[in-house]
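One structure, pasted below without further comment.
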Amino acid sequence: MSGAHYGRAFAALQEGCPSDWAAYTRHAFVEGLRSGDLPREAFLHYLKQDYVFLVHFSRAWSLGVVKSETLDEMKVCAGTVDALVNHEMALHVQTCAEAGIDEEALFATREEIENLAYTRFVLDAGLQGDFLDLIAALAPCCFGYGEIGLRLADEAAEGTQYADWIATYSGADYQEAMQAVGTMFDAAIERRLGPDFLNSPRWAALQDRFTTATRLEVGFWDMGLRPA
Amino acid sequence: MSGAHYGRAFAALQEGCPSDWAAYTRHAFVEGLRSGDLPREAFLHYLKQDYVFLVHFSRAWSLGVVKSETLDEMKVCAGTVDALVNHEMALHVQTCAEAGIDEEALFATREEIENLAYTRFVLDAGLQGDFLDLIAALAPCCFGYGEIGLRLADEAAEGTQYADWIATYSGADYQEAMQAVGTMFDAAIERRLGPDFLNSPRWAALQDRFTTATRLEVGFWDMGLRPA
Amino acid sequence: MSGAHYGRAFAALQEGCPSDWAAYTRHAFVEGLRSGDLPREAFLHYLKQDYVFLVHFSRAWSLGVVKSETLDEMKVCAGTVDALVNHEMALHVQTCAEAGIDEEALFATREEIENLAYTRFVLDAGLQGDFLDLIAALAPCCFGYGEIGLRLADEAAEGTQYADWIATYSGADYQEAMQAVGTMFDAAIERRLGPDFLNSPRWAALQDRFTTATRLEVGFWDMGLRPA
Amino acid sequence: MSGAHYGRAFAALQEGCPSDWAAYTRHAFVEGLRSGDLPREAFLHYLKQDYVFLVHFSRAWSLGVVKSETLDEMKVCAGTVDALVNHEMALHVQTCAEAGIDEEALFATREEIENLAYTRFVLDAGLQGDFLDLIAALAPCCFGYGEIGLRLADEAAEGTQYADWIATYSGADYQEAMQAVGTMFDAAIERRLGPDFLNSPRWAALQDRFTTATRLEVGFWDMGLRPA
């Protein structure tokens, strides 16, 4: 994506699984957001699951603070938790409220397997590995939504009903937050693996975390399209 | 099940989700093991995934040692890790070796989503909660296989090709280990929730961990039947 | 303390270890802050160690987000991390900067054993137990500093050189944050142990976490008085 | 030590903190074990604390299973948990029983700060970092006791009352277990950092974990000599 620049590490990881990355960022669900043809029911299904996703995703970013080894890593992770809990989730709450679903109902949504699999995989990456293992598993969601947001801001059909969603992820707040995450991720990797990190013995394992999380994103969109 | 006695807590949890429990323990996959009609390909598919499952299940039981608060809890959890790593996995290794699949290939099996979802859910139950949260999520696999093993030992078709599998889970080693786990589980619950634990404010949350893990067992059998 | 009201659970825990609580909140170090007689060198020694303490304390509060089971628990824990990383640590940074110590030097301070023991004990309470085990270990620092701050705001010698420290912990920001923590702590306990939580079988273990952390606070002040 | 060969990584880490290593392995407590002049009271004080140490050390080795990424890593960690829980702790139980202290009393021993600091530091190394961070913090105890055992087996005064202790750590069981740990540690490091691991950007952080744990060993012996 010419419009999305979130650092060296992300660029390499994305290029390390091109077909999975395309399956995720060019998924039929995404194209439905772009054209506006995505059925509202599918969007609400997705939004309710995504709310619960963000709860556990916030837990995973908080685990990032637990695993940080520099003040900068701590601050970026803590800032992301704040952005998730106090801003990104607000879009979901507001959109769902308009559809008559309150936040307590959202919080109590029963997770479908694709949702549960994804967040628990990320949390376990943090339990099993170090800060890099965790961030590599968090990255596809963060940067992928940024990339999708920017593309759809360019390509979306005029007057699409999903303009708010697109505006959230293409907006300056989200993009700047993701650039900060990307800068921190590069620094975290160089600190542990050196500047030639692509040739580190650990790189394949980090790519594996990233690729698996990318596949789990594909599953998440599939779930969105499935009748609830 | 008249044949399966693994303690008060397990009995209550199983009765707390009767339809999910039946969907798991009477699944078409299980009936295929009983009759011997389960296609060998499906069994090998399951066995490879189950090997990787046991790797992460051993990690989860080890997390049980980390979370133990009594010497007895530690010993039962550590003993279960030993039984899993050094005995139960051996059946898989041997059966797969006969089918030309060596242990390194087994260890490298790519996890399917139902498999990944299950073990990571259990590990996160341990990260998020306490010893009871973890054991409640571990219980359906442990006790369910014991119950299935005992039933199939009674009901299996003569000469079924799955006699070894049935013998493993109905055998004295497995049954005694599960009785020890059940006794420890009851003691762990009474220690933290008191003798009237069914009326503890935490019971619903523990039931929820158990019920979710039971549903993930159903998904695991579904995966087994799906062409690999 | 008549001035400090942080909820039922805290009141009970504090009353559960009266001599340890007094040893902590009436320590010679605290009395030196009150009178202004604490040598500046001891204060700076304490402040540098406390900066590193707050790094790990922020990690522990972030682990609180990981272990939360309600949206409210998540928000209070995430808010506390933000307050620690972006506000409380700022006092240390500013005071130390005035003494010629920059933040990178602070971050690299070698932890003394009393410091290391305390924060790692809290983090392990979270790894071993559930949300309550973690909060019980976090509580003495949070509420004790609030209580000390309020008392010293009343009793401090006029013109004491430690007026900034006292103002930080007696100030509305800190006091309101601690009241929010106290309210959340009570709710978290009732949710898991019921309204009669003092008679829960788990209460002794929670008291034990609190008492041990209180003793570790005493050690921390002792460390402050020891020549660096 | 000419007699102690536990691999390349351990040799490098030990050489990376020579004065701390000597302070640990040549501590007055150790020399008292060698000469037999260590007061029995000090030995029992140490033994009770060490029993609780081993409880948490077993938790830390179990966390090693949770963090393993190969089957071999899992097996060595699980085997070490078994050796600790079922063998090494038995010496403590037996010796203390002879002195009239039963195992339940041992388990309930109140940890002194040097003890608590050490084990929680190791557990947090595992929570914060990856498998290597954890093993680097576990290593000084494992290999140091092996080295001390071998030296004292050579140098101990004839008829020393501490012959059983020396025999445990110089014996073939302990030495072979530590050689297996050393071999696994080297393989784990090479797998993640490459054969030139001493020049990895992470080496300084691993050395830091090892050095801190070595200093905490010194504190543990100091505690042993302090009147209980």
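To keep things simple, chains are lettered A, B, C and D as they appear, and every chain counts its residues starting from 1.
The definition used in the following text is that a contact is a pair of C-beta atoms (placed from the backbone, for glycine too) under 8 Å apart; a residue touches a chain by one contact, two chains touch by 3 or more.
Given the structure is predicted, the values throughout are model-derived calculations rather than measurements.
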Per Cα centroids, the chain farthest from chain A:
D
Taking only the C-alpha atoms, how many degrees of rotation bring chain B onto chain D, rounded to the nearest 5?
180
Separation of mean Cα positions, chain C and chain A [Å, integer]:
34
Could you put a whole-Å number on the gap between the CA centroids of chain C and chain D?
32
At which residue positions does chain B touch at least two other chains?
59, 66, 123, 127-128
Topology of the chain contact graph, where touching chains are joined (line, ring, star, complete, other):
complete
Chain A contact footprint on chain D (complex, rising order):
66-67, 69, 127-131, 133, 190-194, 200-202, 205
Counting only contacts in the complex, chain D reaches chain C at residues 59, 113-114, 116-117, 120-121, 123-124, 127-128, 212, 216, 219
In their shared complex, at which residues does chain A touch chain C?
55, 58-60, 62-66, 68, 70-71, 74-75, 77-78, 81-82, 85, 103, 107, 123
